[in-house]
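After this come two complexes, each holding subunit A, first together with subunit B and then together with subunit C.
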Partner chain A sequence: MTLHPGRGFAAINYPIGMNLGGDPSQALVHSNPDGKFTVALSSIDLGQGMKSVTRQIAAETLGVPVEDVYVDTADSDTGPHCMGSFASRGTHRVGNAVIQAAKEARAVMMEAAAEELEVNPDDLVTDGKGNIHVKGAPSRSIGTGTACAAAQFKQGKTVSGRGIFLVPLSPVDPETGEMTPVTCFAHAAMVVDIEVDDETGEVSVTQMNSAYELGRALNPKLVEQQLVGGAWMGMSHALWETTEPYYPDRSHGPIDFNDYLMPGPGDIAPHHISILERPAPDGPFGGKGPGEMCANPVLPAVANAVFNAVGVRITDLPITPEKVLRGIRANGGAKPQRRW
Partner chain B sequence: MARTPIEFRHNGRDQAIFVEEGSNLLDVLRRGVGDFAPKYGCGQGTCGCCTVLVDGEPHLSCLTLAETVAGRSIETTSGLGKGVELHPLQQAFMDNFAAQCGYCTPGMLMAAKSLLDHNPSPSRQEVVEAIAGNICRCTGYEPIIAAVLDASSRMSGRRSA
Partner chain C sequence: MIEFRKDLFRDERDDNLNEIGKPTQRQDMVGHVTGRSPFYDDHAFEGLLHLRCLRSPHHHARLRSIEVRDAERSPGVHRVILAKDVPHNLNTLLSLMGFGLDDEPLISGGKVSYKGEPVAAVVAESERAAYDAIAKIRVSWEVLPHVLDVEDALKPGAVTVNDTYPGNTFTYHDKYDHQKLRFGDVEAAFRQADRVIEGRYQMSPIEQAPTETCGAIAAQENNGRFVCYTSTQALFFSLGTAAKLLNVPSNRLHFIGGTVGGGFGGKVDSLHEPMAILGCMLTGRPVKYMFDRAEEMQVGAPRGAERWYLKDAVGRDGRILGRQLTGYFDAGAYTRLSSYAIHKSTGHLPGPYTIPNVKSDVYCVFTNRTPSTAMRGFGITGVDFAIESHMDVVAHEIGMNPIEFRILNAYRDGDMKAHRRVAKNTALIECCQVVSEKANWPIRDDFRRMASSEGGGVGEAGRVPNYTATDQNGLVDTRNRGIKRRPGDPERPFSMPGTIPPRAEPARQPTPAPTYAGGGPLPGFAPTPGTGVRSEPRPSYAPSTTYSPQPVAPAASVASTQPTPASSAPPTPNRTGPNRFSSSVSGLRRR
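Moving on to the complex of A and B:
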């Protein structure tokens, strides 16, 4: 038995969002009776951070503390429309819709404040800490909550705003098939180190090194968390997850967590990540978003590493020990490729 | 169906409840007691998100016959914190971003608590082994391992202080 080390590299471009029917998402922002804000979305947060990032975006645009914003994604039947949390579109599409809605709501809040302070709304600024004051005269100020309350209970205004992000549909050129499917791309490169056991065909990942360019990282900790978890998922797709083999028929295949395997805590490898920030011109505060692409470079990088380690080129996923062993046998033994 | 009265400790309080014959502890905790911290993931003992402690040992509550816990002490994540004060493990999970969707978290916390109760300064490998029966689909495990090690060092700091 020999353990063959291998190293594989992959680089990817990942489109943010897509070109179906304009890929729209909407947001509604309004002030509550207590002068704080609710952002209503149908964009589901299943742990990826949708609520946190839209909360930050709304607070930044409104000019209020992040604590004063509540994001409600409770019900996609009654909430504003969203295409969904997929295709790495959340931060970019929904974030843009939130900015538009928050701007409109902010304008009403500033008008209300101007009326209370008896000044021109153009002369007012927010300090992000919950105050609106006259430019250059911080003592002439009013709380954002007080201004919103005045609007609702004295001036008879709703402090609210509507936002939508809709990409103009890009028609497909009938001659060439050319189209512009997305508004921006994120990028990643990854080097994966592995070991292949030529007796069992098992592949173990020993180290991952990656660089991701995904616009501005609006919440760096959440970005890192997604990249670490997503790379695990990529490992899982590359080496573990399958409903095969099934002998002699489907009903004998993996149908539960006993046989449908995923890497456990003992199978993970150190992962070093660099995040390169190149703000996207059309992204909310420059953000594009990690999303699906977290998993993607791992698959080709692992496949390349397997080839590098034992000379077996596997073209269908996942790269199970059975496939590796068959490949090694077909080649008449492990054929380590040139060392790096 | 026959219903049996049983009594057990639930997070330090006495609990008396009628359970249906053959019902599992997860069901009894969630539907009978109203403690929704332990989660139903697979119902067949392979995901670990229903993990609770029975007399300090981790058990998969979906596979535990409710009648067998009569007279024993059950701990779940709802009993970890004291009021608003979080258990060091909960705080470390937050600080290390050890939860994304959070579905595995109650089971992870209980598996980790049992480890630290028995072995306050575990090695990384011991942490890995302690949570090996718990599936997480989101975090890639690294933040969870980091959180448990972090909690362990915070708690030992507290002990030596």
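Moving on to the complex of A and C:
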């Protein structure tokens, strides 16, 4: 038995939002008399952090602390329409809708503050800590809560805003495929290190190194969570998972997690991630959306690493020990390839 | 370990923001880690009933008859639901965007096209009671030949999987059995190439495997409305789908969701919401319909399999001169969202590289397996596996460092992409460089110095080719794989986003007052009068005030019913439920 080390590389890009557009999302923002804001959405938080990202986007745009914003979502009676949480569209589409709604609400808050301070609203700025003050004169200030209360109880103004973001639907040419699929792309590159056991055909991932370009990491912890989990899923897709092990034959389909194979904690490899941020011109604060693309480079990188380790090119996923072993035997033994 | 390379693209960013870029803890974290966040299954209504389905044991079969009398008399059973009980029993998910033809029933009554397809639903006091009743349903099947391989399904004489698309392919632009991408002339590139390298890649189907399986709980609200707690990833998408299938105005439905135990694309199909609401309408009781794990894995739609053929023309210097791709998406028995993935993958080709000649044909193929649907990376993951495996094959064949080979061919700002739009905001090269350094995989100095913002769009790389080879292969009419149109279908039913046919704004129907049947306190569901969904009179759905098994009403004689084949459904009006998302009022209609 020999363990053959191998490493594989892959690079990808990923389209953000529903292909061809036509997928609007809306947001409503309003303040209560204390200057605490509610963002009403119908978007779904799948665990990816939709509520957190939109909350930070709203707070940044409004110029208030994040604690002053609460995101209420996914009640069709109160949340305005959203196409849904798929196609890496949440951050990009919903984020932009929230910015538009928050800007409108902020404008009312600033007007109310200007009236209270008897200055021009254009001369006012927010400090992000709950204060509005005259540019260059922090002592002439008013709290965001006081301004919102004044708007509602003295000036009779609603501190609220509406937002929608739509990339208009675009056509596809039947003859050439000419189209405007999306407005921005995220990017990634990855090196996967593995070991292949030439007696059992088993592949173990020993290390992953990756670079992901995401436009802007709106919340670095949420980005990390997505990328770590996504790479795990990609690894699992490459080496373990399938609902039809003998596809296209439908037999032996797993019906529980005993038979539906996935990596366990002991199979998880260290993953070193670098984040690059080249802001998308039309993304919320440049953000693109890391959710889907993070699994994609792992699949080919693992397949390429297996070839590098033993000279067996697996073209049918998943890369099971059976396929690796048959490949090694067909080649008359493991044939390690060049290390770069 | 995670690091942020703030040194890269620094001049394109403002890093002095208050909240953006901060590792703020999620608003719902405490609820999640203390187990207090309410998921759909946490809404335990008093008197909750459970809905389970009888599913086809065959890949492909016709229902000769279905006998449910014993099941209806089984203890704890409130209702057996069959195809004829679904008010508008034919849908395709993307009809909400005007894309594709209705091709899938909620409950099948004519034939089944995959193993696991539902043919009856039992609503009972417990799951056990529902399963016991299901065991008492007798179905007479006529087993049909089936096809499971995408390329077999395209062969002449292959059995028709889906009656809406007799040729086993989704029809694009009312014209072709696939979506084309044509950019330059790949045949010329193959003639000029130093090497021509081919490959075949197969992605297997996989399960989204959410911790929380798909499901919904529906209950009566006041005033004839229904509340539905759901695991959906797309609240209004599911609401619109339910309104259409159940033929009710959308404002009679109140959907609540938003905290979901993992989706990954598998919670868009909206199978559970309409079924649970229908169960609630028919029994007057709250109803839960939830996949068990076996259903989630074998009946719930997986990420579909994809098969890709690649052929590259490579020059002596390692530049790719031409790339030809043929892709087959295995949609399974019904369209769901696969038709959309073909466009998405086509727009993605030939990957993040600037290649002057590109040709692809991508097919959405119907086979007798569980319909596939979206999953993380939908339309992209499979082709990325194919492209990046193939890039490695080519680099090996020409003896080039695989990272340098990627950078040499990488797209740059200003390059013309195969879908005829200029690339901008690109960063593939920088990702390659960062990884090369991190992983200690050395590349030549000149490759280390390249940048996405430099050297793009120069000469031919920035232009659409002077000549593009086009063809008429795959014309649906030519191959005599005409689409079966039902009377009443719109003239151009195979519209796609961007080519939505003009649609008359349908007359508004008055919202029916809720019908209180049987003198009970619970509003029942009565079919909307005058909407003309069915041409024959339908039995009214009168909930019982007592929760005992119901005798079968004569009008709804279920025993030995010869089911109506779905394909012979009577004409449907343009509007059967909710407004479509891309209706004429949104101003999106264009040609």
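Methods note: the second predicted complex is superposed on the first by the 322 of 340 C-alpha atoms of A that agree within 3 Å, B and C clash if a C-alpha of one lies under 4 Å from a C-alpha of the other, contacts with A are read in each partner's own complex, and residues count from 1 in each chain.
The rule we apply is simple: a contact is a pair of C-beta atoms (placed from the backbone, for glycine too) under 8 Å apart; a residue touches a chain by one contact, two chains touch by 3 or more.
The structure displayed is predicted, hence computed values, not measured ones.
Asker: Applying the touch criterion given at the start, work out whether A:K154 contacts subunit B, subunit C, both or neither, answering first, second, both or neither.
Answerer: neither
Asker: A:G229 contacts which: subunit B (first), subunit C (second), both, neither?
Answerer: In the superposed model, A:G229 contacts subunit B only, not subunit C.
Asker: What is the contact status of A:Y212 with respect to subunit B (first) and subunit C (second): first, second, both, or neither?
Answerer: It touches subunit C, and subunit B stays clear.
Asker: For A:G266, decide between first (touching subunit B), second (touching subunit C), both and neither.
Answerer: first
Asker: Classify the contacts of A:F257 with the two partner chains as first (subunit B alone), second (subunit C alone), both, or neither.
Answerer: Both partners.
Asker: Does subunit C touch more residues of subunit A than subunit B does, or is it the other way round?
Answerer: C
Asker: Looking at the overlay, what does A:K135 touch: subunit B (first), subunit C (second), both, or neither?
Answerer: A:K135: touches no partner chain.
Asker: Have a look at where A:G47 lands relative to subunit B and subunit C in the superposition and call it first, second, both or neither.
Answerer: both
Asker: Classify the contacts of A:R55 with the two partner chains as first (subunit B alone), second (subunit C alone), both, or neither.
Answerer: second
Asker: After superposition on the shared chain, which partner residues are touched by A:R329: those of subunit B (first), subunit C (second), both, or neither?
Answerer: After superposing on A, A:R329 lies clear of both subunit B and subunit C.
Asker: Please identify the positions on subunit A that touch both subunit B and subunit C, taking each partner from its own complex.
Answerer: Subunit A residues touching both partners: 46-47, 49, 221-222, 224, 230, 233, 256-257, 262, 271.
Asker: Which residues, counting only subunit A, touch subunit B once they are in their complex?
Answerer: Residues in contact with subunit B: 46-49, 221-222, 224-226, 228-233, 256-258, 262, 264-266, 268, 271.
Asker: How about subunit B: which of its residues touch subunit A in the complex?
Answerer: Residues 42, 44, 46-47, 97, 99-102, 127-129, 131-132, 135, 137-145.
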